[in-house]
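Supplied in C-alpha cells, the structure appears directly below.
Labels run A, B, C and D following the written order; every chain starts at residue 1.
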Amino acid sequence: MKIAFLGLGNMGGPMALNLHRAGHDLTGYDLSPVACKRLAAEGLRIAASTLEAVAGAEVVISMLPASQHVEDLYLGNGGPGLLESLSAGTLVIDSSTIASATSIKVAKAAAPRKIAIIDAPVSGGTGGAVAGTLTFMVGGAQADFERARPLLEKMGANIFHAGPAGAGQAANICNNMLLGVLMIGTSEALALGVANGLDPKVLSEIMRRSSGGNWALEKYNPLPGVMDKVPSSNGYAGGFGTDLMLKDLGLAQENAIATRTPTLLGGLARNVFAAHSLAGNGALDFSSVIQPLLRAKK
Amino acid sequence: MKIAFLGLGNMGGPMALNLHRAGHDLTGYDLSPVACKRLAAEGLRIAASTLEAVAGAEVVISMLPASQHVEDLYLGNGGPGLLESLSAGTLVIDSSTIASATSIKVAKAAAPRKIAIIDAPVSGGTGGAVAGTLTFMVGGAQADFERARPLLEKMGANIFHAGPAGAGQAANICNNMLLGVLMIGTSEALALGVANGLDPKVLSEIMRRSSGGNWALEKYNPLPGVMDKVPSSNGYAGGFGTDLMLKDLGLAQENAIATRTPTLLGGLARNVFAAHSLAGNGALDFSSVIQPLLRAKK
Amino acid sequence: MKIAFLGLGNMGGPMALNLHRAGHDLTGYDLSPVACKRLAAEGLRIAASTLEAVAGAEVVISMLPASQHVEDLYLGNGGPGLLESLSAGTLVIDSSTIASATSIKVAKAAAPRKIAIIDAPVSGGTGGAVAGTLTFMVGGAQADFERARPLLEKMGANIFHAGPAGAGQAANICNNMLLGVLMIGTSEALALGVANGLDPKVLSEIMRRSSGGNWALEKYNPLPGVMDKVPSSNGYAGGFGTDLMLKDLGLAQENAIATRTPTLLGGLARNVFAAHSLAGNGALDFSSVIQPLLRAKK
Amino acid sequence: MKIAFLGLGNMGGPMALNLHRAGHDLTGYDLSPVACKRLAAEGLRIAASTLEAVAGAEVVISMLPASQHVEDLYLGNGGPGLLESLSAGTLVIDSSTIASATSIKVAKAAAPRKIAIIDAPVSGGTGGAVAGTLTFMVGGAQADFERARPLLEKMGANIFHAGPAGAGQAANICNNMLLGVLMIGTSEALALGVANGLDPKVLSEIMRRSSGGNWALEKYNPLPGVMDKVPSSNGYAGGFGTDLMLKDLGLAQENAIATRTPTLLGGLARNVFAAHSLAGNGALDFSSVIQPLLRAKK
C-alpha cells in the first residue's frame, strides 16, 4: 500500500517517521525544504511536489496548520484542488486541527468522487507524536474509520471514532476547550493554596484524589517542582505550546459563535491565553499560565 | 471516650449516626428540636443544651452552617464561648465549611487553654455522609490529626492532613473552587458537542480518556442519560446542592480577595452559580448548571 | 442621480424610504416578496431582480444580514458577482454589519474595476432607521466618503469616517462590543444596588453624574421604571434585539481571534448574551439582560 | 463649630486642609507622625491623640483605610470605642470607603447614644481631594445629611444623598464596580481597534459620541496620547491607583457574595485588576489596565 504524507512539521514529521519505521511505503512532502531535508536524513522518501507525492497513493495523510491550508490543498485556490488528482477509492486522512465546518465542506466535495475522507485531529503534542502515543479523534464513515485504524495505531495510542464527517474536529475542540479551562482552574486553585501557605505537593495530592481531580493534576501539574518530567519542571519547554492552545480555543469559540452556544468559561479561557501569549509566553508550554498567578517569593 | 456532637443537620446527623453505630459513646445536640427528635429516633442520646452535651466530653465535634456560627459557638457572642467550658486536653474537631481565617482565629483562642482543635471540613455531600465515605481535609497539629483520625475514619473514606490550623479549610475551598470550574467547563464542552451533533456518551468517553479527563466525567456526568445513579439521571435531586456550591465559591472568592489572588475562572464560576441559583435552581444538584446551556429539543 | 437599494428589511426598508422621501430617484429590491410589497405600498419603485435594480444606477446601497450574503452578492457564489455588472465610477455603499475582513476583500475586488466602495455599518436600531437618526461608521477613501455623505445624512444624524476600507466595520464592532459590556456592567451595578435596598432612580442618577456615567445610564436605562420611552419601560419591545447584539459580539470575538487580541470582558459579554438568547430572550431588547440579575419581589 | 478630623493620609490630608482654608476650626490627628507633621506645616492644628482631637468637637470626620479600622475606632477593639467618648448630638461623618455592613453596624451602635452618623465615601481620587472637587455619596438620615452638606461642599463638588445608613457605601461600590468594568471594556475596545489599524483618536471620538460613550472616553482615556492631562499621558502617575480600584472591586464582590447577587463582569473585573496588581502595577493609575492588551510596536 502506497501512502503519501503531506506536511512534515513538528507534528507531521515524527508521525510520518513512525509509519515509515513500521514498514509502510511512504512518500512525504512539505513546502519547507528544511523540513523535507530533515525527514530525508531520517530515511524518508521525499517527493518534489504534492502531486508527485500522491501519484499512485492509496492513502493520503495531511497535517497542515489551519483551515485555509486544508481548503486550499484539497479544493484549490485559484486552481484545481488535490481532490481532482486523486483516484476513486483513495483514503484521505486529514489530521490537521481545523474548523469542523471545513472538514465537512471538504468531505462533501470528496463524496461524489468516491474518495473516502476522514478528519482525524490529534492531541498529545510533539511528545506524543514522537512516541507514537497520540490520541486520534476521528470523524467519518465507520468503514473508512476501520480502514484507517491500522495506520492510526502506528502513530497513536488511543483511537476514537467520534461520529460522521467533522465529528473528529468537533470532539477535539470540545476536549481542548475543556483542557484549557481545567488547566487554568487547576492553576488558580494551586495559586490560591500557595497564597494560603499550603504545601503545593500536599494540596495537589489532596485535590487529585478528591472531586477536583483532573488530567492536569494527574499528568501535567503546572506548578514547578510538584511533578517530574513535565514541562513545568523543565522551564515550560516542550509540551503543548501556549499559541497552539490559543489556536484551539479560538476554533472552539468560532464554533460556539456559529452554533450560538454559551461557553462562558471556555470563552474566558481563550482570552486568558490570548493575554498570556501577548505577554510573550506564546512559545512556552500552556501550563505556564499559572506563572502570572503566583506572587514572587521575597 | 465521651464524644459530643453539635449540629445534627443533613450532614452532621448522618455523621453522628456513623460514629454512634461504630460503638462510640456519643451525645448530640442541635438548636432544631426537629433534628434532635429525628436523631433520637435513630437511637442517639440527645442533650438538652450545648453545655449539657459537652459535659465531660473528651472530644467535641461540630458541624455548623457558616463562619459566624462557629465563632459565636466557641468564642461567644455577647456571652462566654464554649472554649471557656471545655477542659484542657479536650480535642475539638470542627467539620464546618467556613473561612480559613475563622478557623485560625478559634485555634489561636484555644491554644492557651491547652484545647486541641482541628478544622476538618468535608466533601462528598449528604450521600457521602450517610455512606461514611466523606473526604476530610484537616488543618491542625500532626498529633491532634493522629488523635482524630480513628474517629474521622468512621465517617469518611479519605482523610488528608493539609497542614496547620486553617489549612483544612484552605484546601477545601481550593478543591471546591476547582470542582466548580470543572463542572461548568465539562458542561460547556458537552453542550458544545451536542450543538455539533455529537453523541454525548461517545464524547464523554473520549474526553474522559483524553486530556479533558476529570472527576465530573469520571463520576458525575452532568448530562442526563450518560451515567446511571448520578443526580443528572435523577432530575438533579440529591447530591451537592447549587446553593452549597455557591457558598463554597463565595468562601473561595472572599479568600482570594483577602490574599489578593487572581482567580478569573474561579470568580466567574461563583457568579455563574449565583445566576443559576437566582433562576430558581438553588436546591437542585450543582451539576444542573449544564441545563441552561442546552438548546431545547424541537 | 439613480440609486439602487438592495435589502429592504427592518433596517433597509425605512432607510430606503428616508432617501425616497428626500426626493431621491430610488429603485429597491429584496429577495422577500413581502418586503418588496410593503415598500411598494409606501411608494417605492421595486425592481424584479437585483440586476434590474442596479441597471443604470450611479449609486448602489446594500443592507444585508451577514458576511456571506455580501460576499455572495458582490463576488458571486458559483456565478458572476454584482461587481461584474456595475460600471466604472459606480459608488457602492454597503451598510451591512459584517466582518471587516469581508469588507476589505470586496473592496480589493472592486478597485481594479474603478468601482468606489465604502463600508458604512450603522448603529441606532430600527428606531434610528425610521427616524433617520442612525450613526454611520464609514471605511473607505476620503473622496468616496465625501461623495456618500449627502446620502448618509438623509438616513443618519452622525456620520463618521473611521479610516480606509474595513475601518467602518472595525469601528462598529469596537463600539458595539463596548456597548455590550457597559450594558451588562450597568445592569449588574443596578442589580447590586437594588439588592442593597437602594432606590434605583437615585442610584442611576448618582452613577450617571459620577465616574460610572455611560450611554446606558444616559439614554437607555435597563431597569423598568427609571426612564420613560426606553425599551425597559415598554416590556423590552422594540430597540436593539438581544440576537442582534449577540451577532455583533460574535463578529467582535471573531475579529479578536483573528487578531489575537485579548478581550476578556468582551468575550464574556458575548457568552452572557448567548445564554440570554438561549433562555428565550432573543427577540427582546438587549437591555433585558438585567432581568436575570434581579431577585423576584416577594 | 469645632471639628475633629481623624486620618490625614493622601485623601484625608488635603480634605482637612480644604476645610481649614475655608475657615473652619479644625483639629487633626493621624497615627502617623509624618502625616501629622506634614499637615502641621500647612498650618493645621494637630492633637496628640484621637481623644484629644475629639474633645469638645461637634463634628468628627474620619478617613480611614478599611472596615476594620473604622470598626476598631468607633466600637473599640479590646477597649472602649470612640462612640463612648462622644456627646449626644455629635455629628460623625465617616468618609472611609468600607463595607456597607460595617457602616450599618456602627450606625446602629451610635443611635441609642443620640450620635448622628453618616457614611460619606468619596470618589475623585487625590486630585479631587486636593482640588475640592470630590463626589460624596452619603448614607444616613436626611436631617444629618443636610447638617453635613455645608462641610461636604467645602471638600467636594457633587454631594449625593443615596439613602439610609450604609447607602453611601453601597452606592459607592456600585459606581466603582461599574467604573472598573467600563475602564476595562473601553481598554479592550481601543485595543481591538488598534489591532485593526484604526487611529485611536478617531475611534475614541466615534465611540464617545455613540452608544459606547462613557466616562472613561469622556474624561480619562486610557490610551497614551489620545487625551491631555490624564494619567495615561503622564506615565500612569497620579490618578486612582490600581490597588485602590482592586480594593473597591473586592468590597463590591464581598457585597455580591453576601447578597447572593450575580455580577459576572464585576467579578471578572476584580480578578483582572488583581492580576494587573500582581504583575507589579499596583501603584500605577488604574487606567494602565489597557497596557497588557496592546501589542508592542515593532
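In this section, a contact is a pair of C-beta atoms (placed from the backbone, for glycine too) under 8 Å apart; a residue touches a chain by one contact, two chains touch by 3 or more.
Model, not experiment: these values are computed from the prediction.
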item: Equivalent interface positions on chain A and chain D, same or different at half; value: same
item: Selected pair, greater C-beta contact count between B-D and B-C; value: B-D
item: Distance from chain B to chain A - Cα centre to Cα centre, in angstrom; value: 38
item: Intercentroid distance (Cα basis), chain C paired with chain B, Å; value: 50
item: Intercentroid distance (Cα basis), chain D paired with chain B, Å; value: 38
item: Set of chain D residues in contact with two or more other chains; value: 256, 260-264, 266, 268, 272, 275, 278, 292-293, 295
item: Residue ranges of chain C in contact with chain D within the complex; value: 100, 123, 135, 137, 158, 160-164, 166-167, 170-171, 173-179, 181-182, 184-186, 188-193, 195-199, 202-203, 205-207, 209-215, 218-220, 252, 255-256, 259-266, 268-269, 272, 292-293, 295
item: Sites on chain A touched by chain C in the complex; value: 246, 250, 253-254, 256-257, 260-264, 266-268, 270-272, 274-275, 277-278
item: Residues on chain C engaged by chain B in the complex (per definition of touch); value: 264, 268, 275, 278-279, 292-293, 295
